[in-house]
Amino acid sequence: ETSQGDAQSSSTGTTSEAAAPTENTKYKEEVVINTGAQVTTLDVQEVSNVAHNRVFKLTHDTLVDLDIDTGKIVPKLAKEWEWLSPTELQLKLRNDVFFHNGEELKASDVVFTFKRAENGKASTGRVSNFVDVVAVDDFTVKITLNKPFVDLLDNMTIPVYSILSEKALIDDPNMGYTVGTGVWKLNEFVSNDYVSFDRFDKYWGELTPTQKLKVKYVPESSVSVISLENGEADLCTDLTSSDAVFVEKNKDLSLVEIDGTTCQFFGFNASKAPWDNKLLRQAVAHAIVKEDIITATENGYGKLATTFWGNSQFGYYDGFGDYEYDLDEAKRLLAEAGYPNGLDLEITVPTGYRVTTAELLQAQLSQIGINVTINEVDSAALTSITNDGTHESFVYGLGFNTAGDDIRRAYSPKSTTNRSHYANDRVIELIDLAVAEFDTDKRLADYKEIQEIAHDEIPVIPLYYQTLFFGTNKNLGGVTWNSTSNTDFSGIYVIEK
Amino acid sequence: MDNHRSKHKSIRTEKETSRQHRNELWYRFKKNKGAMLGLFIIVFLVLVALSADFLLDYKTDVIGQNLKERLQSPSLTHLFGTDELGRDLFFRVIYGARFSISIGVISVSIGLITGTFFGAIAGYFGGYIEEVIMRITDIMSAIPSILLAIAIVTALGASTLNLMIAVGVASIPEFVRITRASVLMVRNQEFIEAARALGVKEWKIIISHVLPNALAPIIVQTTLTTGSSIISASGLSFLGLGVPAPAPEWGSLLSAGRKFIRGYAYLTLFPGMAIMFTVLAFNLMGDGLRDVLDPKLKQ
Amino acid sequence: MLRYILRRIFLMIFVVLGVSFVVFFVINLAPGDVLSKIAPEDATLEEVEALRVELGLDRPIMFRYLDYMKGFVKGDLGKSYITGDDVFKTYMAKLPATLKLAFASIFVSILISIPLGIMAAKNRGSWKDNVSMVAALLGLSMPNFWLGLLLILLFSLKLGWFPTGGAIGFKSLILPAITVGTGLAALLTRTVRSSMLEVIRQDYLRTARAKGVKEKIVINKHAFKNALIPTITIAGTQLTRVLGGAVITETIFAWPGVGRLILDAVYSRDVTMITGCIILKSITISIILLIVDLLYAAVDPRIRAQFAKGGK
Amino acid sequence: MSKENLILEIENLVVNYELEAETVRAVNGISLSLEKGKIVGLVGETGAGKTTTALSILKLIPDPPGIIKNGNISVDGQDIIHASIEEMEVIRGKDVSMIFQDPMTSLNPVFTVGDQIAESIEIHEKISRNEAFKRAGEMLEMVGIPASRATEYPHQFSGGMKQRVVIAIALACNPKLIIADEPTTALDVTIQAQVLSLIKDLIEKNNASMLLITHDLGIVAEICDEVAVMYAGRIVEKGTLEDIFNNTKHPYTEGLFNSLPNIDDRNAILKPIKGLMPDPTNLPRGCSFAPRCDYCTDICEIQPENRMISHTHSVACSAYENPEFSIVRGSK
Amino acid sequence: MKDIILEVKNLKKYFKTPKGMLQAVDDISFSLERGKTLGVVGESGCGKSTTGRTVLRLVEPTSGEIYFEGENIAALSKKALMKKRKDIQMIFQDPFSSLDPRKTVKNIIAEAIVENKMLKDKTAIEKRVLHLMETVGLAERLINAYPHELDGGRRQRVGIARALAVEPKLIVCDEPVSALDVSIQAQILNLLKKLQKEMDLTYIFITHDLSVVNYFSDDIAVMYLGQIVEKAPSEALFDNPRHPYTQALLSAIPVPVIGKKKDRIILKGEISSPINLKDECRFASRCIYADEKCKSKSPVLTEISPNHFVSCYKPLNF
């Protein structure tokens, strides 16, 4: 139920290397990855979230990729590219790429893919600014946009832009989308249970020594860790901090700890009285002890957040100080807003670990006379409540992409991700300006201004960035770790003793 | 034609010192050690639940947080240790008795009252009324009780009352069945016919003759269901549909503690034991009552 | 016999109709709909509304229900809103795991309860009786998920005997089967015990003894076969319960069964999936109950005779 | 009456049911013997201890709570009281077999009647299952049921037929002694007549002996050679048919006769015994019939001795201390 | 002029069963004089109890008329029936299941009084209960006893007291003594006789014990498979049974007199099932005298001598 959204990230990435492999190293034939979130489809254009993206990256490739160390866009299926104009991007494809069905990758496949994307649930919004995609020749594609969009290449590293095979989808309209160019070829997909893959030996890039890969759905996180300790699995994603300890303690395992980009926050419904009053929100901001929340909810792991912006996202700025913990100031603001004796507040919270956060908020806000009730709902209900705008406040999380324009969905008044129903014309104006701005400094200035406004109006109080934990077999390597969906498991291997 | 057996009884129980029926039941109940233990635990828990408000201050003792003392192992200051928000688990378990016992009792009452009502009607009147009631019961039991509970809790919102309703509603079919079966047995006894011959009205026959005699299996079912309701409620907590935080209902405590089950096992141990012993107590008492109330097992 | 089966099938249709109706409406009572799961994160409110119209979810529920039933009559249970998969196929894919778990846990519970129940009944009131009854009750008194986690801690982590989950191989079945089985065992033990107590008093056992039949055979053959009838009843109803609701166990052991499927569908408000699964589930249960009834007939000739008459 | 000629000898049998709170004194020192080839009737009201006596012979008293406190029982010279369970299992069904009162509940509902008859044969004659089953068919024919019905279940039989099956089971291994515990009480008169004549014929044919328990003096008059009348766990009067019916001595026996409506004289007034049987957990001191007895005197405070009236007739009534004493019925 | 209290005409009661129509009572007619006793005998399942119950309309008759004091009970509305009910009462066979185990003797007897609003005052009710208890010979101290504390005989007395409480005119006694021991049986029979004399009661006395019925009844009706096969004054019936079944029945009674062995007529087979009967003499299959005619059409009950009715083509003569 985590809403980490599409994500794409940067500098925190490291590649895990087990003891350097030698000539006669033996590799485990099948590697098993446990995940706590379900995979419901293998169609890259239908869903875009962390759990799915990790799988999509195994079977499919995007045109360009992100170098995690430098933060630069690097070639993938496209060897090189060129902006012909602010609205025209031309890409040259590699000519040694094959799909799992044996077909060679051609420009026509790219055209087909982006055409098909217009109907995909997750992709339709992504290509809504595409005017045209044409195959200039067999290995050259040209994308025409309706207006300048600086973040296009950045975005195109997200799996939702992965290239599909036209032939495969014509042959099999039902399952053809599983055919990609990635190193892993789908073997079996049992929804709600597991996805298994065979290595695709005609892969254009470097092959992993592993023959088979399985991504298994294990809903209960403590069980997932135990199965790692048992050797049933070689890698566990998304551990809780309390489980991470056991991985750390175990000398056969190693723990990967990564600063996440998902910002956990406490948001208000800024369009509904009384919380449309900035003063009230500021008062609350002064009464919260974020450190305590990190301590209790995440056992101390996590990075304090001061701005509602991904911490590896373009434009991130934390130069201004945070609201100080100051109960007197909080009470003063309450009084100024007309509530000297405090008021009631309902926090809607999805079931799960965020409930602890809500409990802490409840205790902290009681200090300034705000009487909190906690409304625990499942995530479907939360979404519909926040869409309808019947809520007062809520606790949730949001994962950001590296592209600066990703902030649009958090602040655009029409976006469903803007659960605060926050609307500020200047913010929208700045977002529009920035995305068409090729001058980096000017762009950064625009984004800084947005964050200053948001910091002052505080429709959401950012709490912290969640630390991500992965547990692995000590001899596991080949994974490019990354804060969110850019973690690339396709090279995964385990050395057998 | 088999009146042989009843004759035996007549001779044996013919006492010049006529012992009262109820005293006799109590006497037999007392002899059942398990049942007495169950009763003892239940009485104790009810007392704890009733006095929890006098013993503890909800705001400070039960939900008051103290992050400095979070996750402390059991000690003299914190008998059961503290949870991740530094709340004293002992106090929470004690206070939780209120929630768990009342969930058990109230949800069972829902099942009991509704189920007995419809079961008695179905059993006594028979015919197409029975057919309709029983088919609806079939439908209700074809919907997994947990799904029913999920639907109710999600539809009405998570609250203690809704949880009780959810668990209670799920137990209705069983009560309908048991009541009906039991009423069917009583319905054909001659004393019902005798009452009818005397001109006693039907509804009065149901209330004063049928139900009292059909009660034994219902009482047993009630105690047993009270136990299983507490378990069901804890299961719903596991699925995130339990009593909303920060109320210390045992199921919620247990389910909240499960992410610490390895490092801080006591967080699940104590609520788990509390549930286990309570349910055990209700079951022991139910079994004891069954032995006492089942006339066939008298000898 | 055939008439009886036909009657049962007729009732099954009735139950299916009722169940589909109730489920369809109950799910719609819950706040939130499937759009919260299928609309992309960055969708706008308008896009969500458009999608709702596209999927026909904006129409009044009665119409949606009728549409659904139209498909149902044609044998089409619809497609999942989430995955787009055929509901029937999805259910059938999960059914084997559920059946495996259900039968394994019934097996486990029978394995425990029959000897325990007989022993308790034979030694009624003795310490053996008390100990086995308390042991049986303990199984019933533990919340399933707690028991499941404890089993994993002990047998998977500490001892490493069994895997933590997944439905691969026989070994993976053992822990979930024990988790579900202990609860059932408690009920069954009690049933076996009380029906044995009932049977032990029967005159026909005295007849058997008077014939010179050995005590062991009196109990294990003459008494047990009779005590089996109520035991089958309870085992049957419990089986149906496991078939519908081992959700918790399935979650803990990552057991890819029907319960989990339904639960996930509920969380995502996948109405077609929920309704379809529950319809299929109630059909599965009806079939199993029918088999259980036929099983009685195998054990009890009196019931066989009733079936033959076509009555109930 | 030489000992060799006795098929059954019970001496001073005492059986108690020891319940949690109380002790039921079901049988209080009865002695009874049965000659080979004879039919002895054991008569008495409900709770007199008839069934308990019968079950003691096979050591089938439910234990707990039943305990044989005292006494000797021997069947054809073989000691029963000290026999082990294994030894008893050989005797049961082979030397001594029993017909129970209620055919509805005495047959196991889940086995075919053929199986139930064959089981006994299989155990005692050590022959194969098939053969035993064939013999079972023959037994059925003998009690007047077509052998083809051996594969049917008890519920497919009527009450009278079930009782015949029970008889067939009892007779399957040609026992020397048959104990019939109210074998026809559950049956209708016309069926009762059928079954009684069947039993009688079979006993004669097999040259067996029978202890017939009943409370119907009419049946006794019809088929028994000797009668013992039981009251509150004791035998109060014992003798040949002639002794008991035409030369009644005990006031209780007299009371029984007076309670019966006379089929030939519909205007005769019934003279019931007043009061009730005493509570077997709390028997009165002395003669247990005393509280209901019209002839009761002070000496009834003492437990009456068994007194031989003739060499076949005995009575346990202290009133006969007085040689003048006679009961109304006896005097007429 | 005879004072006919009850007249039953062409009474039928059929039950639907899975196998077919069960003809429990099939076209019976009889009448009963006030203050007299009609004995009904027959084997198990022949429809005796059903007849008795239908007279009280505890089961609804399928067809037929039941005139009680000139009024057709079968046609009464439920409400009117409620009022009439107390004139006809029933005493049941099983003294255990006919008393509510959870009520004391007092409550059991008083219920009838309270329900029919015969008395309101508590002490008056209690007085009446005590009076009734005395009438049936129950000691005063048993007033608060529960049924299970009583022996069969006393329980049966409670049942009688309950029936008497509403001052009925007709009592249907459904095997009131067959569950009792001989010595107790005689006590109860004497009591019933005494009450009949004192209160001018009319009895329908159902039993399968012929010696009892002979002692107790003025008229006797012998039933076989839902029909009356013979009906006559007791003496006539016993001295001169005309129906082969009655004869067999009488000859089957064991008599407690030695040497009194009659020529026993042992019937073959047993009473057959009352479901979907054919139009033939129902006794034909067991009757030694049966011929083609008996198997082709059912005979009707005819008066062959004054007050002596037989349903047989060849009534026997002795």
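Per-chain residue numbering starts at 1, and chain names A, B, C, D and E are given in the order in which the chains are listed.
Simple rule for what comes next: contacts are C-beta pairs under 8 Å (C-beta built on N, C-alpha and C of every residue); 3 or more make two chains touch, one makes a residue touch a chain.
This is a predicted model, so every value here is computed, not measured.
Where touching is counted per the definition, the chains common to chain C and chain E are B, D. A comparison of the C-D and B-C interfaces places the larger number of contacting C-beta pairs at B-C.
Taking each chain's centre as the average of its CA atoms, chain D and chain E sit 32 Å apart. Between the Cα centres of chain A and chain E there is a gap of 88 Å. With centres defined as mean CA coordinates, chain D is found 90 Å away from chain A. Between the Cα centres of chain B and chain E there is a gap of 48 Å. Multi-chain contact residues of chain D, defined as those touching 2 or more other chains: 46, 102, 105, 276.
For chain C, residues touching at least two other chains, in rising order: 30-32, 149, 153, 251.
For chain A, the set of residues that touch two or more other chains comprises 222, 377-378, 381. By the touch criterion stated above, chain E contacts chain D in their complex at residues 43-44, 151, 153, 181-187, 189-190, 208, 210-212, 214-216, 234-235, 238, 248-249, 251-258, 260-261, 264, 266-267, 270-271. For chain B in complex with chain C, the touching residues are 33-34, 135-136, 138-140, 142-148, 150-152, 154-155, 227-228, 231, 234-235, 238-239, 251, 254-255, 258, 261-262, 268, 272, 275-280, 283-284, 287, 290, 294, 296-297, 299. Per the touch definition, chain C reaches chain A in the complex via residues 30-48, 51, 82-85, 90, 93-94, 149, 152-153, 156-157, 160, 163-167, 251-254, 256, 260-261, 264, 267-269. Residues of chain B that touch chain A in their complex: 63-65, 67, 70, 84-85, 154, 157-158, 240-241, 244-246, 258-263. Per the touch definition, chain D reaches chain E in the complex via residues 45-46, 158-161, 188-194, 196-197, 215-222, 241-242, 245-246, 255-264, 266, 268, 270-274, 276.
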